[in-house]
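I have a structure here, written as structure tokens, and I will follow up with some questions on it.
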Amino acid sequence: MSGFFGNIAKTDVVFPVFYGTDYHSHLGTKRAGMAFYNKKTGFQRAIHSLEDGYFRTKFEDDLKHFEGNSGVGVISDTEAQPLVTNSHLGKFAIATVSKIVNAEELEKEFLDGHRTFSETSQGSVNPTELIAMLIAEGHDFVSGIENVFSKIKGSCSILILTENEIIAARDKLGRTPVVIGKNGNGIAVASESCSFANLDYEIDKYIGPGEIVRITADGVVQLRAPEKEMQVCAFLWVYYGYPPSYYEGINVDEVRYRCGAALANNDDVEADFVAGIPDSGVGHAMGYSNERQIPLTRPYAKYTPTWPRSFMPQTQDKRDLVAKMKLIPNPALIKNKSGVFLDDSIVRGTQLKDNTRDLHAEGIKEVHMRIACPPLTYPCEFLNFSRSRKSIELATHTAINQLKGTEEVDLKKYSDPESEEYKEMVERIRKNLGLTSLKFQKLNDLVNAIGLPKEKLCTHCWDKSSHFKK
Amino acid sequence: MSGFFGNIAKTDVVFPVFYGTDYHSHLGTKRAGMAFYNKKTGFQRAIHSLEDGYFRTKFEDDLKHFEGNSGVGVISDTEAQPLVTNSHLGKFAIATVSKIVNAEELEKEFLDGHRTFSETSQGSVNPTELIAMLIAEGHDFVSGIENVFSKIKGSCSILILTENEIIAARDKLGRTPVVIGKNGNGIAVASESCSFANLDYEIDKYIGPGEIVRITADGVVQLRAPEKEMQVCAFLWVYYGYPPSYYEGINVDEVRYRCGAALANNDDVEADFVAGIPDSGVGHAMGYSNERQIPLTRPYAKYTPTWPRSFMPQTQDKRDLVAKMKLIPNPALIKNKSGVFLDDSIVRGTQLKDNTRDLHAEGIKEVHMRIACPPLTYPCEFLNFSRSRKSIELATHTAINQLKGTEEVDLKKYSDPESEEYKEMVERIRKNLGLTSLKFQKLNDLVNAIGLPKEKLCTHCWDKSSHFKK
Amino acid sequence: MSGFFGNIAKTDVVFPVFYGTDYHSHLGTKRAGMAFYNKKTGFQRAIHSLEDGYFRTKFEDDLKHFEGNSGVGVISDTEAQPLVTNSHLGKFAIATVSKIVNAEELEKEFLDGHRTFSETSQGSVNPTELIAMLIAEGHDFVSGIENVFSKIKGSCSILILTENEIIAARDKLGRTPVVIGKNGNGIAVASESCSFANLDYEIDKYIGPGEIVRITADGVVQLRAPEKEMQVCAFLWVYYGYPPSYYEGINVDEVRYRCGAALANNDDVEADFVAGIPDSGVGHAMGYSNERQIPLTRPYAKYTPTWPRSFMPQTQDKRDLVAKMKLIPNPALIKNKSGVFLDDSIVRGTQLKDNTRDLHAEGIKEVHMRIACPPLTYPCEFLNFSRSRKSIELATHTAINQLKGTEEVDLKKYSDPESEEYKEMVERIRKNLGLTSLKFQKLNDLVNAIGLPKEKLCTHCWDKSSHFKK
Amino acid sequence: MSGFFGNIAKTDVVFPVFYGTDYHSHLGTKRAGMAFYNKKTGFQRAIHSLEDGYFRTKFEDDLKHFEGNSGVGVISDTEAQPLVTNSHLGKFAIATVSKIVNAEELEKEFLDGHRTFSETSQGSVNPTELIAMLIAEGHDFVSGIENVFSKIKGSCSILILTENEIIAARDKLGRTPVVIGKNGNGIAVASESCSFANLDYEIDKYIGPGEIVRITADGVVQLRAPEKEMQVCAFLWVYYGYPPSYYEGINVDEVRYRCGAALANNDDVEADFVAGIPDSGVGHAMGYSNERQIPLTRPYAKYTPTWPRSFMPQTQDKRDLVAKMKLIPNPALIKNKSGVFLDDSIVRGTQLKDNTRDLHAEGIKEVHMRIACPPLTYPCEFLNFSRSRKSIELATHTAINQLKGTEEVDLKKYSDPESEEYKEMVERIRKNLGLTSLKFQKLNDLVNAIGLPKEKLCTHCWDKSSHFKK
């Protein structure tokens, strides 16, 4: 997904940008970067890979070289960022949370005009460089960002650090969040509001869809009013967001408790314990356990001393090893017991299948799986959503394929929990994963747990209801 | 505390010793090491500091150079280990979990005999070198280890890797655990049995106090029978052990649930939520919440993506910063709410005091603190117990000092929960920490939660009941 | 100055590009980079700083990730290189040896056209990015490079790695060299021909001024014929080039021997020994010693085991320390002796002054300094020539300032070795540096030592005789 | 060979010990270490491998943690050093330049007494630990060092850093040098006196064979008078020593010039140039060229910017690659020319053979090899002399084997330059190496070039004339 953090204040911001960016580490595993501006040395920038180390470790040595009263940082799931660009608008550093579906088409247009690209991301154009070039086509930053809004298919939230200010823009349909924090000394801006508390910032404002603001140490000025339409990603609450964060004023962990409670209210299975798959299912499990008053336990203990979450090895072999090694089963809590297990979602289901097999090997009696959202049926086209694979890899499509010998079916039926097709598919997934029982959340219950009107939420991966902006 | 792991098998053990040792990372923050033996290159050894990095990161590069069907690893809270020693008993690698109270006295004896010490640990003798020298005084390993048992005051469990076997010895009074795991391919031996599951070993035997065994890939042979007397540390279950581990057949997390339940059964405070201080109070909180059916929540979310547990900066400033930064408060769960908070123990109480202040700043209504063990009154003399400070630093002594102007009081009264002195002391601690209410576990309830006869447990830090072996 | 190396062959070229580039390490101290192309993974690139480590050490870890039958490398004294650029001409990697005097002007033109720059070099535009953008304005590589030739003031030699070939272009006036090497397996191209021998390439052709060639594993095709006019830098032979290299068919070390011999033929000072300042004066000293048959010795031994040449600390303090530490005086060869010392040139003279003071402290009787070129009077405007400082820093200008109270004098007279002004200036420099005697090469003798017609050489720093191309 | 450096002064010595030790880098390629003492933190010590990096790079990060007015450093060709030892004599750091032929025997004696060894060096006992244990058997440092002198077969010079002083002891037969330097601020002690000049120390005294001194910032006190007998290694002047160093008051580079001159005086070959094999033959070549007045040139240029001398890869393949890559042939100086090449010695001759083949490939007419010492016939038993191989690997033994079918011959005849056997052997070596002509120095000329009485020199490797001390 990626996430960014910016800060501009009356005092040096290297420390808060370092920690504020670090608090977005759950959003990306590829690259991270920070840029600062100060009058003496101009723009300073560092980018490191996160593929073989953690953000704080990687940037610790850079800190002593940095200074500035303004800066931005980014944890990126894809390209190297932030870029420092020179343009007729002046020099600026730019970080984005974006997905550009029509990147190749835009690239071709630029190349045809004898333009060059300097940055690449895994062999393709670097989306942030493309966005910077689109911005430089404007006569000022606002018209440049509007150029981005109108040219790209996908989504794009932007932080720009100039010599004088930070300019923040939220995706035109608000798919990804941008939140403003304030204290007496300056202004912070972030993807995740959980980054504010320990830096002594308080949430001041949720930037609206398509809204553009100019931020200085003294305050925030609106440069473009928000759009009415919004399509904020529902998965932010279900999985991506860190528990203490808020989007649109709604707290992440509370949504998870409500998700778990909703599942509990539709459930009557008997069990000795409730447990969340670490870490993605823990909040949901707390909600379920509290609602049904079945004891919460830890049949799988995550070995947190050395397995922090944001570690993503390059090969599948290594990923499987990490998946296995970081969770330690506790036979005392498993043997001859029945358990309800909660998780946020099922993507491919391979890891869940392995876990279930291990639980049976440890002597569990029953494994009842409860999933906090409906079955994932349509790959995301709007966000850089690492969990959203090609449709063929989804557990739902695998099941449909097994049942029908093809994926070319009327998927709508499979999204309707009352249909026979849905039931057949869920039953097949249950069997594939070796579960005693399996239930998914209903979309309506999920929308209620979040608490926004359905039309404000993007629920595309479950019901194919969203669209590119006009 | 420190912890070790050994493995001897029909196949190469570099991988299992690497991961098996890593699973002891919660037991030490200073040094770690591994040693292997193979016929071609003999003993191979590596030691790294853990003060600026994690075990797996530090030893990753060494792995490709190592090979062997037998090996030992150690996570050490103090000295560099394992040592490779040459002696009339042959060459061996040695790792220990030990505390030697009379180290200086033993050192002097050796020096007077014109002996030399090559290793140091923070300026003093390296305890493992001292133990190796005591072993070499014997005519074989058993008589040498008995020499250790009889000469040292403190405690000492030992792993020895020779060219032919691993020799494991548990402390004479069994203060620290040594557990044997087995599978078809070989034998593992560890401080923490949670290291077995993911390496496909199952618990085979808990080595008894003073027991010595010889381990080969084919099996375990007893070289010295266990003593009858045992003084296993009760704090292993309360705090030190990793949740899925077992000692004397008793599971750690289950003890914590029972601790929380016992506190719940003695409590009737009204509250909106229950929460555990991450990570030390989480198991206790689950037991409490499940028993009283008050919802468990996460008013403090630990930022696990980049703050794994076993990180211990050198300066107090940095430690305070880490303490602050790794926990993110969630205002949604705190504001205008009453909460019951669980933790394992109170040592100095400084961090708890800071947390309570932060909770009030976020608008909490009431903070009810429940502690899984009785007040810590007597510093540990038997283990290398990092949480056991000089008595003057303990929250209990601070309170007594404030009340009586001296620590020279009859401490026994302060250990009796029925006494006025105890109540006065607890009330003072409560005030010092800014809590709405504060309750400690009763010793009897703790002993029952563990489930061993009291005389088998060392409960010295609460009632001064233990002794050095005769 | 910077230097580059390219190789395209029927087999993998990672090894030869690694070593071939390393052999240009004497030409730059800031950045280095390599890029390779292979069909499977496309372009691969790595850039590292040379400010805190050597080329081979810095790139060793990258080697295992690289593969390709074509590649380019560069040792850069200024900007990060090579860049990988996407353009309407296709993707290409580009490395340059360039100085762009009118960079700001060209940058402004691009910015005014709403173009963006992604790369910076010490806060300014990255010259190689600018050149890549100028190339992309052409309809093919040749017209693009001609666009570079016509737009930039300064000098520019270029290596371009495409998916199919290497394109090499030498500066329009041939200020910097580009040499082609050949063997049965492929073609190499380099700034320094000394890079060929150990990779089993033999010099095939010296690319002419403004010549452009297309290189494949099968051979070299001329894309643009050379210009008649040439202004190759005379300093290449005097200082910059590595002894075994050739430019225009003329060997570097032989020129240095002839320089020393020419100085010897104009000299009759009596002395006990001859010595070269390591490493810059050694070749010149050999020529002098051989000619006058005064023994060559090493009164200063360079501590080569740990002080390789290409190390350039950032601060003047550190530079002075390195200058001092890397040379060890040998009292046995200094005390009560008279010596003739040779060096390539005097820039500021500060280090020479320190050395002379040290020689006196060791008890030397006489220090006769002989310089292989005339006094440096005009800063270089054509190359990125690290030794060419602002005129005020030159020892000549300091002396003139001291003599006349101004630098605003007719400098031509100071370039004429027969004038009183020249003699007065040299005498002043001698005094400033604490030398017994001081003689500079005459320009005519230098030109003869090189062996090219004077009009083919740039001798601007001595007689202000060169010009920007028309 | 190894080399050490110590310093004790009125001010902090971290900087001088760092550089003073670095100046011994030509003496070892395996391990290096430094130890300091200060009252506040006691002994501080660091050891690093030199197998993958240079001394200064490896220890740079340690410097900020070190402080002390006394310290020792060592460049070791074998074991990890210095060791910090605790003993009845107090704590001390110890560094040695030693070879212990009877190490196994001494180890066994200690093991039989139930003593332990903590350190190993490539699987064997660490010689410095053995020496420390022998010292601790004495009732004071002098009797302890005398115990070393009487027990070990081989050689041993020692630096001991205590809390109060540095104790320096030279090998009983003075095989390796120990030199004292002095200035107003303190005392330095070193293997190589070339380490003094840039740290502003002047040679004060050459410690004699078996002499022991106590060094404080105030001066040097003799603890044991020197022996009369001396067997200082002649090879120190021929190869090991750095040119500006002195042993017994005799300068290294001057000896090399005299060696070259002596060869010249016995030679009348006609040639176009003289050249030294870098770096080992350069001094000898200067002496030869000066004497015969044949021009000195550089047909092989060492690529010094990135190939410092003290680099020793682990595998023969890599060593051959380094040997090839670090020298660049200059065709201009080779083609159709006759050259006299000087080197210090021939060990196996493999590299010389490769060089000669390359010279022929470059078109040389004649290669006349002149060697600064007689043929190496007897492996060294007294020093840790890396160039001294098993006799079978020596070029002399290979030749004898080829000629006689056995090495079991009267080697004495082969050491006599007048014998037929000697001539036959040299002729065979010449052919093996592909040389036009080959001449070795006569032993008498070498002894004269050094200038000490023959009985004071160890010339064992040429005439088997030395012995272990009684």
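Labels A, B, C and D are assigned to the chains in the order they are written; within every chain, residues are numbered from 1.
As a convention for this text, a contact is a pair of C-beta atoms (placed from the backbone, for glycine too) under 8 Å apart; a residue touches a chain by one contact, two chains touch by 3 or more.
A quick map from chain label to UniProt name: A, B, C, D = Amidophosphoribosyltransferase.
Please read all numbers here as calculations on a predicted model, not as lab measurements.
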Where chain A and chain D overlap in contact partners, by chain label: B, C
Chain A-chain C separation of Cα centroids, rounded to whole Å: 51
Between chain B and chain A, distance of the C-alpha-averaged centres to the nearest whole Å: 37
Where chain A touches two or more other chains, by residue: none
Contact pairs between chains, per stated definition: A-B, A-C, B-D, C-D
Residues of chain B defined as touching chain D within the complex: 41-43, 83-88, 107, 111-112, 114-120, 123, 125, 129, 132-133, 136-137
Interfacial residue positions of chain B with respect to chain A in the complex: 19, 22-23, 25-26, 53-57, 194, 197-198, 242-244, 246, 251, 253-254, 257, 279, 283, 286, 289-290, 293, 295-298, 301, 303-310, 324-325, 328-333
